[in-house]
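A quick write-up on the structure given underneath.
Chain naming follows the written order as A, B, C, D, E and F, and within any one chain the residues start at number 1.
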Amino acid sequence: MADPFFTPVSGFDLPRFAGVPTFMRLPHVDFDHPRINDVEIGIIGAPWDGGTTNRPGPRHGPRQLRDYSTMIRAQNGASGIRPFEARNCADMGDVPPNPADLMDSLERMSAFYTRVREAGIKPLTAGGDHLCSLPILRGLAAEPLGMIHFDSHTDLFHSYFDGQMYTHGTPFRRAVEEGLLDPKRVVQIGIRGTMYDAEDRDFAKAEGIRIIPIEEYFKRGIPDVMAEAREIVGAAPTYVSYDIDFVDPSFAPGTGTPEIGGPNSFEAVEVVRQLTGVDIVGADLVEVSPPFDQSGGTAWLGASIMFELLCMMV
Amino acid sequence: MADPFFTPVSGFDLPRFAGVPTFMRLPHVDFDHPRINDVEIGIIGAPWDGGTTNRPGPRHGPRQLRDYSTMIRAQNGASGIRPFEARNCADMGDVPPNPADLMDSLERMSAFYTRVREAGIKPLTAGGDHLCSLPILRGLAAEPLGMIHFDSHTDLFHSYFDGQMYTHGTPFRRAVEEGLLDPKRVVQIGIRGTMYDAEDRDFAKAEGIRIIPIEEYFKRGIPDVMAEAREIVGAAPTYVSYDIDFVDPSFAPGTGTPEIGGPNSFEAVEVVRQLTGVDIVGADLVEVSPPFDQSGGTAWLGASIMFELLCMMV
Amino acid sequence: MADPFFTPVSGFDLPRFAGVPTFMRLPHVDFDHPRINDVEIGIIGAPWDGGTTNRPGPRHGPRQLRDYSTMIRAQNGASGIRPFEARNCADMGDVPPNPADLMDSLERMSAFYTRVREAGIKPLTAGGDHLCSLPILRGLAAEPLGMIHFDSHTDLFHSYFDGQMYTHGTPFRRAVEEGLLDPKRVVQIGIRGTMYDAEDRDFAKAEGIRIIPIEEYFKRGIPDVMAEAREIVGAAPTYVSYDIDFVDPSFAPGTGTPEIGGPNSFEAVEVVRQLTGVDIVGADLVEVSPPFDQSGGTAWLGASIMFELLCMMV
Amino acid sequence: MADPFFTPVSGFDLPRFAGVPTFMRLPHVDFDHPRINDVEIGIIGAPWDGGTTNRPGPRHGPRQLRDYSTMIRAQNGASGIRPFEARNCADMGDVPPNPADLMDSLERMSAFYTRVREAGIKPLTAGGDHLCSLPILRGLAAEPLGMIHFDSHTDLFHSYFDGQMYTHGTPFRRAVEEGLLDPKRVVQIGIRGTMYDAEDRDFAKAEGIRIIPIEEYFKRGIPDVMAEAREIVGAAPTYVSYDIDFVDPSFAPGTGTPEIGGPNSFEAVEVVRQLTGVDIVGADLVEVSPPFDQSGGTAWLGASIMFELLCMMV
Amino acid sequence: MADPFFTPVSGFDLPRFAGVPTFMRLPHVDFDHPRINDVEIGIIGAPWDGGTTNRPGPRHGPRQLRDYSTMIRAQNGASGIRPFEARNCADMGDVPPNPADLMDSLERMSAFYTRVREAGIKPLTAGGDHLCSLPILRGLAAEPLGMIHFDSHTDLFHSYFDGQMYTHGTPFRRAVEEGLLDPKRVVQIGIRGTMYDAEDRDFAKAEGIRIIPIEEYFKRGIPDVMAEAREIVGAAPTYVSYDIDFVDPSFAPGTGTPEIGGPNSFEAVEVVRQLTGVDIVGADLVEVSPPFDQSGGTAWLGASIMFELLCMMV
Amino acid sequence: MADPFFTPVSGFDLPRFAGVPTFMRLPHVDFDHPRINDVEIGIIGAPWDGGTTNRPGPRHGPRQLRDYSTMIRAQNGASGIRPFEARNCADMGDVPPNPADLMDSLERMSAFYTRVREAGIKPLTAGGDHLCSLPILRGLAAEPLGMIHFDSHTDLFHSYFDGQMYTHGTPFRRAVEEGLLDPKRVVQIGIRGTMYDAEDRDFAKAEGIRIIPIEEYFKRGIPDVMAEAREIVGAAPTYVSYDIDFVDPSFAPGTGTPEIGGPNSFEAVEVVRQLTGVDIVGADLVEVSPPFDQSGGTAWLGASIMFELLCMMV
């Protein structure tokens, strides 16, 4: 049983639309808070989208995800897990970015996550664009990590715009090059959409990264695909990175680079439920772009995915 | 063949966007109308959402459902049923609610439905929030009824907010307690989402209510699930209550308490088509909240479901 | 100079879209917080709309107002006032309502505001529908207060729906009857729109409440009208109640009962700036209904008005 | 005092969001209805936009105007006029158009309005695009009429697209040519926006039509402009045609050919209030295009203008 | 390898949101352009919706499809096809319609497509409503063509509105009557929704047109259904007509006559991928109506379908 | 009379929704085009928003401005100016930015505008965020320029986020420091909203930049204010920079940093019409952010302002 301080506000007591919105109605405990040392899992916002090459907006993701996460209740209906009783969870606030300087933002974020790791806190991050995953990995990866990556894109490109090395299309290329990820223990699921060329796939093949395209995913089914994914990452420390554009844009329109023909919302959470046994050292849910879905449907799906990730982390 | 008076206006004669919008372009026949005694099936609006604990709006449901129902044509494309020729159907207008007094609204509604039952009319109701089903059942249930209930929530909770017994999360708890429903003949299909606790499930188990969670629903498939549902309610009088949040929020975003991971729109009508043989004494489609889907997509799905319910009632 | 603890986060340090959104980025200090005794002005959310007779939604007002209020900076550009340096201001969270019980909600709110008054804190409230003003006045009015009321409606009706005494169209009738307001010191500005009948105006006339219709407002101009308003309330304690539907619906579409032909957004704040010298014991900004303006423009205007009210309260 | 049959439903009795939506909650009395002979003013929908050269949608205008008109109450707040007590008013339903045949639609409409005139009913029409005014005039004009025309365009062009004589840019050119309008008694107010060429202005000048551009309108003010307008049409029978794009698009975005820089919503109704003394034989409010403003703000303004027109017709 | 002149702009060089938007970022080459003789496949807009009987808007389809098609990259992710290297593709601009004259528009379009055929260019058209397919067929069909038709409606009706022969519900009735289509080589896939009557189905049966209703489609699966479709059209010249309302409205809300219960977005492109071996002489994607989906999701799906059609045409 | 090649497509010939959308339907003539040497005024898109500190989106501005600018016709209705006959105008396409590198983007832009200046072309730019004005000035300012600047912010700040010198809040501070602007000949009109501190105003005062706050603007009126503005810049070369947030957000919601209480849309163009006699060497309209106004109203206003600027440049 978790410390009562870390119990979220219940919708039976205070309606879900009321109150200052923190992630899942948890207490707001930042590094200056007296209870910071008791936090076991920290939910963190990374409100930055400076690596976006197409439609912007994920900088607004954490706030809308907080808002919609107030509709989350205490217990997972499918598995029965009650994560807030299993671990001390808290909303740790947002990493402070510099919206006008990419390199400075990367440094601010990696410094923050280094501190998170040193505090012994497991982070669950709400992005932000996918380039955020790079500084998070810089902060967390004491050794090369495995990764289960849900996405419609590989994000393994070398560069854009005549030499631009850091965009939301390149984070995992950099992470492999920097030794943050062990490519042999990386699997990318749901890849689809039109391609520039095969440069990213060639890199994956050369490094041993396993790509499961959407056609294979649909053909084999979730249990089979996820069994392979678990096998690839094995028992060693693993990061889970979830780009909301993994899901079909009808279910998640609020994102910058949608690709049609993806999984539905049931599958969106089912793949996470099959992460049992994976040693998750951190996870993120990125690329929720509120300006492209002011109705909040994408954020509600995103918050639901974050809750499932949390249930796998406890 | 139905009375020509009760024939809906055809889109071949008057474009579907034209004319005063009644349900399915039927004549508007309220209790003061000279033809009221010839009505066999009455479509009724219940524009009230006073039992809503989260996001409001279903009070606007009947109007938007009327608007979109003008796109319904004469014949069911799948089954060939032509309901308006099989029975005299009419738009009976709206139950007059009191938006600022919950108990007064419940009384107004139960009085109205008592009168409907006494007039020998089968009601098909467009809600309103799910608490509307309670006064409808009070009006209709001369004896305990069976119920097939499509929803993502059980609506079987005891109370909210420190003792509030009447909300859209409690109607069927009250209905069982009041003897309006025979719990052994109640089945709830599609239940999912995060939970406060298991208090509602415990009540269901104790009373013999059958809950079919979404995971079981997807695993077994519609024919198998609906065969069990028909068996549970048997040949005795049965009510059908359809909460639009049964359907996945991508298909029905306009609702107050969406839960991701639900059925798609084909399944949304397919489950209704499998109600053949059930003795339906009344049905409702509730929780359509236009302010959360001003595009009308939810209302169009809701109107389509209402048409399928109507085809099962004739 | 205010206590540094009460300094809002600056957009120069943390971008305005980042962080847990509190009112104007102030610290969140509720009654359980160790610094509660140092709060001088408390910004409070009243997320309740149970008195709404038409389109609902103001229960969502406080959250969206918090969100948009993060775009407020430290200094009033017109007057130079820096309110956060003049007084210790804090976000005191939300009053806990009961969405399904009107009378219970009124009691919860009056109890909360009694506590606020007893703590010596001046409240600035973000509604909620206009019925919220009644329990606020019950909590604050140790003696009959004066009131400057910006609105398109008088909210002075006797009752609705065959005897319903408490709706958002009746709060000030009740407040006068209960002796919370001194009708001779009440002025209502901006009244317009179609009328049911003149029952509210007759009451106003009989009691001595001054109504300034929009036609008179436009003819005389703001300085003249506001001079009269200041004279009416005089030097004694006064409440300011601001219904966002005072403003034209093009500037504030997100409200339940819009009336066209109102003031623009410059006038919306200019009328507040002319409250100099009024002894304001509390103020509210009500009827912001996010479901009817998901773009947030109404909330941005509402937050701007709240900031102007705050500048008049310090 | 009007016949009680013709009294609109009050929002004090039935909430404004409830019930089958007719114009201003009046009874629906079409030509087949037993009370048709008692109708004095008929509100009619003309759901047709076949003359639209740019963005379509006014075919959906009548339905949305009906919906929003249910927020109209019994009495004009500014003038005190209670139109429903002064005359028997009814919703006469919609003219049946042929969406795929322009000439057939014109004939259907002129036949309908001829019948309206012969029945001694004064029509207030909700369009439809502005070409609808031509068949209305064909039905109503027993003799050449005067016209007060609020618009941002003259609609006096000769033809489009290489010889197309009937579009929403040509109705009044045709009406003058056909002797339906007396050009010496026609005034057009609010004209603005970029121009193709001066061909329409040359025609106006040659025929004696008075054009008051928006710059002159703002400079002289409403009282002066409307005094001239009343003088131009004099005491003889006059038609009032109101294109919603007269109003600035910020107040009325839902229209097909918006021109920035127009009057605000207060002026939008004020110009109508100054029609006192004009012998109005019919009026219309056209070019409300719901697909371009699903929020309904344009329709609410349009319904408010229709109410003001009605008050001038009684 | 295609001529470099016909290479689309890459998102690696110029961000996808930049530049004048042509279809798939191809060069704009109309009949007056010096390179017109080198064009092999022309992508053409048909911005006309004069045959629409319900909700309008497809006249705006080509522009929004151009906009979203700039997110298409060079290579098909599923098949590896690089169409722009296989054939010289170009954006040929729009057919000039007459929005106010149906018959004139049909003539303008058939003349345009005759010219396209005579120039030896294969057209891929972005509609426009479905009546556009008739003049396209008039231009292309030197002999009776086969057709694979994806839709929720048969568009085989005789007439509307008391004798109107040309609407978007009649094009293929006319095409069969005019000998443009060989009914024995026509297959319609995905048919569903409520029906007026069976007049269209009777015509299909009498002529030998094969209709595959949605229930059969879901039951048999795509490979089986498409194998039959390929067999029906055989090796002779075939046209492919794709109405976006084939897809479920949750995935494609921006259309005028949505029918719930359709295929998802993965299936939407999968059916096209199974057209291998068909001799496609032209194709269209029609009924994308931007005013009913200003978010652009429907257009993004439509552009993705157009790319798949293009890959089948090269 | 301009060269016929440079005549825009007329809406009388091709409907305004048809065709590839270029600025004002002008020919697309980039630096590689054979007619580039005949261009006198080039309309250029700057699709970049990397300097944005709050809500992003102006990178999408040029495309939506192009789209809505197709509703512009040939002649200014107020002044009678026909700009396309007075000068050879063309759409020169977009400056290629690097969305992920601020400094690289600044260099790309200044290089582009240097080339524009050297080609003897006067540029009218559609932004983009306000930082775009800095590289434009670097390209254009052969000598220190005067500037008339419409905005709600001064954009004169020193730095953000602990030393960030280049954001959309700093361009004119940099431009003065770099000698691109002569501060004595700079006037800023419409300044308003809450302030961080007075650091920007102090700089203005020290340098001699004239700031006209909104209160003064409303008090003095446009003719008086603009007379002073013309006097300040005098007869020497002057740049005009127009931030759409100068206008009230009700008229221009699609922008990142709205400030309520601004001018309406009539004033938005009237201020431009009073630039007669100013020697304009270039102009821009920036900060139109389509994701925050998908309805396009802001872009339509922006395109109308651009047309007025163009009329002042010929």
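Just a few scattered comments:
In the analysis below, a residue touches a chain if its C-beta (ideal position, glycine included) is under 8 Å from a C-beta of that chain, and two chains touch if they have at least 3 such contacts.
In UniProt terms, the chains line up like this: A, B, C, D, E, F = Agmatinase.
Note that the structure is predicted; figures quoted are calculated from it, not measured.
Counted as hops between touching chains, the shortest connection from subunit C (Agmatinase) to subunit E (Agmatinase) is 2. Shared contact partners of subunit A (Agmatinase) and subunit C (Agmatinase) are B, F. Seen from the C-alpha centroid of subunit C (Agmatinase), the farthest chain centroid is that of E. At the interface between subunit C (Agmatinase) and subunit D (Agmatinase), two copies of one sequence, fewer than half of the residue numbers in use are shared by both copies.
With each centre defined as the average position of its C-alpha atoms, the distance from subunit B (Agmatinase) to subunit D (Agmatinase) rounds to 40 Å. With touch defined as above, residues shared between interfaces to two or more other chains in subunit A (Agmatinase) number as follows: 13, 15, 17, 53, 55, 59-60, 99, 160-162, 250, 264, 292, 295. Of all possible chain pairings, those that touch are A-B, A-C, A-E, A-F, B-C, B-D, B-E, C-D, C-F, D-E, D-F, E-F.
If you check the complex, the residues on subunit D (Agmatinase) that touch subunit C (Agmatinase) are 10-13, 15-17, 71-78, 250-251, 264-266, 268-270, 295, 297, 300-301, 304, 307. Listing the residues of subunit D (Agmatinase) that touch subunit B (Agmatinase) in their complex gives 13-15, 17-22, 28, 45, 47, 59-60, 62-63, 66-67, 91, 93-94, 96-97, 99, 294-295. Contact residues of subunit E (Agmatinase) toward subunit B (Agmatinase) in the complex are 53-55, 160-162, 191-198, 213-215, 218, 248-250, 253, 257-258, 260-262, 264, 292-293. Of all residues in subunit F (Agmatinase), only 49-53, 55-57, 59-60, 98-102, 104, 160-162, 164, 166-167, 291-292 touch subunit A (Agmatinase) in the complex they form.
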